[in-house]
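Naming follows writing order (A, B and C), and every chain is counted from residue 1.
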Amino acid sequence: MFKRRPLQSKSEVWMRNIAMGFLIIYMMIFLIIPVIIVIAGSFHQWNPLNQTYNWIGLDNYIRMFSYPTFWQSMGNTVLFCVVVVFFRVALGLAIAYALNSKLMKHKTLFRTIFYMPTVTPLVAVAYVWKIMYNPQFGLIDNIFGLDINWLFDSQFALPALMVMTIWKDFGYAVILFLSGLLSLPSDCYESASIDGANAWQTFRYITLPLLKPTMLFVVVTSIISYLQAYVPVLVMTTGGPGTSTYLSSYLVYDQAFKQYNFGFASAISLFILVLTAVFTMISFKVTGANEK
Amino acid sequence: MKHKVLRTALYIVLALVGVITVFPFVWMVLSSFKTNGEIQSIVQTLLPQEATVDNYLNLQETFDFLRYFMNSIFIAVAVTVLVIYTSCLCGYVLGKYQFKGKNIIFGFVMMTMMVPWSVTIIPRYTMFMEAGLQDTYLSLILPVMVSGFGIFMMKQNMESIPDELIEAARIDGSNEFQTFHKLILPLCKNGISAIAIFQFLWVWEDYLWPYLMIDSEGKQLLAVGLTLFNGRYSTDYGGLFAATTISILPVIIVYVIFQKRFVAGVAAGAVKG
Amino acid sequence: MKRFLSFCLALVLVLSLAGCSGGGTSDKTSQGVQDTQTDKGLEVMGDNVTYDPNHLVNDGEPITIDWWVWATEDMFRSIAEAYQEIHPNVTINVINNPWDGFFTKLPLALQRDEEGPTLFNVHNSYEHLLLNYMEPYAIDTEELIADYPSASTHLMDGNVYYMDYGLSTGMYYYNKDLWTEAGLTDGDIPKTWDEFIDVAQKLTKFDEDGNMIQAGYNYNNYFNSTVIGLNYQFGDNLFSADGKESLVDGKGMKEATSFLIDLYEKYRVGDKDFGTNYDQSFYQGQSAIVFAWGFFVGNLATNAPDINYGTFEIPTQDGDTPYAYYRYNGESTPGINKNATDAQKEVAQDFIRFYLASDNVQIKLSQDGGLIPAKSSLMDAPELADTPIVKTVGDHIDRYIWPGAMPSTVENNLKIAGEDILYNGKEIDDALKTAADTIDIDLANADFTSSESLYAYYED
């Protein structure tokens, strides 16, 4: 690799100016200015409908930290995120590993099936699952002979949303891990089998470290998207029973576009931003630790 | 012998997961041919006792789901094409050029991936209201036509293109714009199809923003149409099954036909990342 | 790759063309025709608020306005059509936006000035969000009050922005077939809560495993609407004497709440997990009694025309006249978008005058909407004498309390409280305390004052 020389031709300069100029202006309008507006708004009592915009200092934050539903939604969000990411990764990896085994045929068929829920629109799927969870005529209670009111039982409502989400999304992880596995160099395995390593050892000490980039990719993109999840709540429980399935992004929606407390909603959303940053950093640390 | 047992066990487990994956869809389709009374009756059967297509017929009378479907496809394709282009362009410049401030800009691009929708939606809403863009498709396309994820992925992709190739094109006298369009873009097939799939699905699933922005029934998108339908006819489960079938089944069919491309695309994106 | 891109581009082009042409046609449906006939030979309608149809609106030029409603669109459409018949140059698009989200979408649409709806239905619990976008009625307020006495409670700075066209309240609906099946007769209509429990128990069925297969009484998903107002029977108002703070965590509400919970848990006349929506369960004939407001009459007609049902008034503790049976609320007339164009507003004002002056319109609204008419001249209208609500509560509607245009926060937080108690095992006191705290913050922000003190029998 030789170091690229600085830009030379006119067209290169033009190209750079156009692309970066566009990008900077775009990020200004859709990222930086919005974040500034939100930060400013979080210090105000802000209702766009009657043009209220009064400075109230830290009141929104004080209310936020003393608002039980806020803490509940944060706890739910973290739990939801951790559980769903864990199962997505575990299921995805296990199934990909099984599919990758030399014993398996019909790989394409299985792959096609597992990835199917991922391509379907979440809102539609959430409605189907909502009816599946119905205690009288839902599929789940009928098949397993249970009598559980899934979406109205505080013990089961949040797990029910998690199950739906895992069902919908695990296929994505399968595909990613599968292609990660396929791209692994085969000579590692050969030397391992010569050394007499058993299947688990091969997996633990050879496959897993080599899959690190894929793992990081899956984990980080999953965390970011699950911290923002709201559609399952909106369609299936609207936060209930009580407030037991409030997720933080749903709380923002509720406060902003149902109650029109824009200032309060801004404060909550900034907290989610911080949470996302922390989680992303943690997953980089955890996954990347051995590499250095 | 040991292999045989293992293989059978593997097959059984995977087949079970497969059935769980597919079964909700099967149930949905079958239920869409049941009458409302049958769907809600205490005694349940899998197959419709008296199959009816009324759910579908009534649906088209009150709700034009085919139209919502076309609208959603239009928006999803438009956004996807724009995102592909902006991602390639920015990815190319960030991946192949050296200039001051490059890392700062790239840092900001990475940040856009982390900023949740809940942070930007309030100011975005205020801005679009001020600009009078509600109820236009522009309001759906503008805020998502650049994707941090896309730029990040294309930058990786571009970096793997050998400099010599670009150098050769330059010596042949083609300017950068020609090089980019004629040489670079065709080289990034895999990356592009990865972005295309992700982006298409994101737009396809997006709910809140179109819900807030679009008023006219004729312009409504599929996901929002579904919730409107449910809000208006909350007791019509048969209709809801028919509506969800209409919104899910075509995607599945397209996916099954093109599944090879799908999988290759998704995989291409991730391995590099 | 290039081919793929150009294919995509072509697809976008084709679709956008299709989208545009399609959008164009659907937006311009059924434009009205030029109207030149000033004298239509029609009679003047109304008593104090009058409407003379013999004039042109918008100089007879074709004009279209939108009217947003959240339910029973057919009823509102028929009123719009009656108006269009008089003024063929006007087209009123009745647009149904579901209740869930109606007040999320409406403020957004109103910010689009003249492109938003010119007319929109109002629920008084969202008054505080909408007032800023509303134009006062161009009708003399004294005339309004003469015809509609309750309009006086909607006076703001000498103007009326919206008012009641009917009064609604809650009552019990029972499935007559299940009633007979359980061996009950008309004489068994309960007057006291004890009788109610007795009847409901007879209507509840279990299978041999002890699972409920038919509920005597079902209030699932309707706990909050039921309990707000029930507190009056348990000796407490809903708001403090100054009308500023809620008494949601007071004695009356606590007792009302624990009574409803007891119905399920102690008397087993229903179950929180059986029929998660009271209305759908009633439509299916799986729940025998439900409590609902007048609107349920219309819902039953559209969703379950085959159900043979009757109604009875909310029972009381001892069968005597209580401090108050329950609360009532007004069903509100449409608001007019103040940022609409002058021409649109002219049409809207003219339409409102027609809407209020026409007895036919008002009778239809009360019949189909299950209401007691707010217009004083219609109180004894023969067409309305037989409606369920008039028969059921007409005799002592004066013993129902109007708490005022209570902001939605009260219902929302009691919904949460109810679910917390029923499903999450929270203590009644704690759940109601949490609700009261949030409600009080929101009430202060909305600058609300209760109207309970206007009640004729308001004590202490």
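Criterion: a residue touches a chain if its C-beta (ideal position, glycine included) is under 8 Å from a C-beta of that chain, and two chains touch if they have at least 3 such contacts.
Chains and their UniProt names: B = Carbohydrate ABC transporter permease; C = Extracellular solute-binding protein.
Keep in mind that this is a model prediction, so the values were computed, not measured.
Undergrad: Could you tell me which chains are in contact with subunit B and with subunit C alike?
TA: Looking at subunit C and subunit B together, the chains touching each of them are A.
Undergrad: Which chains, taken as a pair, are joined by the highest number of C-beta contacts?
TA: A-B
Undergrad: Roughly how far is subunit A from subunit C, centre to centre by C-alpha average, rounded to an integer in Å?
TA: 39
Undergrad: Centre to centre, by mean C-alpha position, how many angstrom separate subunit A and subunit B?
TA: 15
Undergrad: Counting only residues that touch at least two other chains, what does the list for subunit B look like?
TA: Answer for subunit B, listing residues that touch two or more other chains: 40-42, 129, 212, 227, 230.
Undergrad: Give me the residue numbers in subunit C that touch at least two other chains, ranges are fine.
TA: Subunit C, residues with two or more chain partners: 104, 111, 286.
Undergrad: Residues touching two or more other chains, restricted to subunit A: which are they?
TA: 48, 136, 257
Undergrad: Which positions of subunit C touch subunit B when the two form their complex?
TA: Answer in residue numbers: 1-2, 5, 8-9, 11-12, 15-16, 18-19, 22-23, 26-27, 95-101, 104-105, 108-109, 111-112, 115-116, 213, 277, 279-280, 283-284, 286, 303.
Undergrad: Would you tell me which residues of subunit A are touching subunit C in their complex?
TA: Touching subunit C: residues 45, 48-51, 63, 68, 134-136, 147, 149, 151-154, 239-244, 257-260 of subunit A.
Undergrad: Where on subunit B is subunit A touching in the complex?
TA: Touch list, subunit B to subunit A: 3, 6-7, 10-11, 13-14, 17-18, 20-25, 27-28, 31, 39-42, 44, 86, 89-90, 92-93, 96-99, 105, 108-109, 111-124, 126-127, 129, 143, 146, 149, 151, 163, 170, 175-177, 180, 201, 204-205, 207-208, 212, 222-223, 226-227, 230, 237, 240-241, 243-244, 247-248, 251-252, 255-256, 259-260, 262-263, 266-268, 270-271, 273.
Undergrad: Given the complex with subunit B, which residues does subunit A contribute to the contact?
TA: 1-7, 9, 11-12, 14-16, 18-20, 22-24, 26-27, 29-35, 37-38, 41, 48, 95, 98-99, 101, 103-104, 108, 110-125, 127-129, 131-132, 136-137, 139, 142, 167, 171-172, 175-176, 178-180, 182-183, 213-214, 217-218, 221, 224, 227-228, 230-231, 234-235, 248-249, 252-253, 256-257, 262, 265-266, 268-270, 272-273, 276-277, 280
Undergrad: Using the touch definition from the top, list the residues of subunit C that touch subunit A in their complex.
TA: Residues in contact with subunit A: 103-104, 107, 111, 128-133, 211, 272-276, 286, 409, 415-417, 419-420, 422-426, 431, 434, 441-442, 445.
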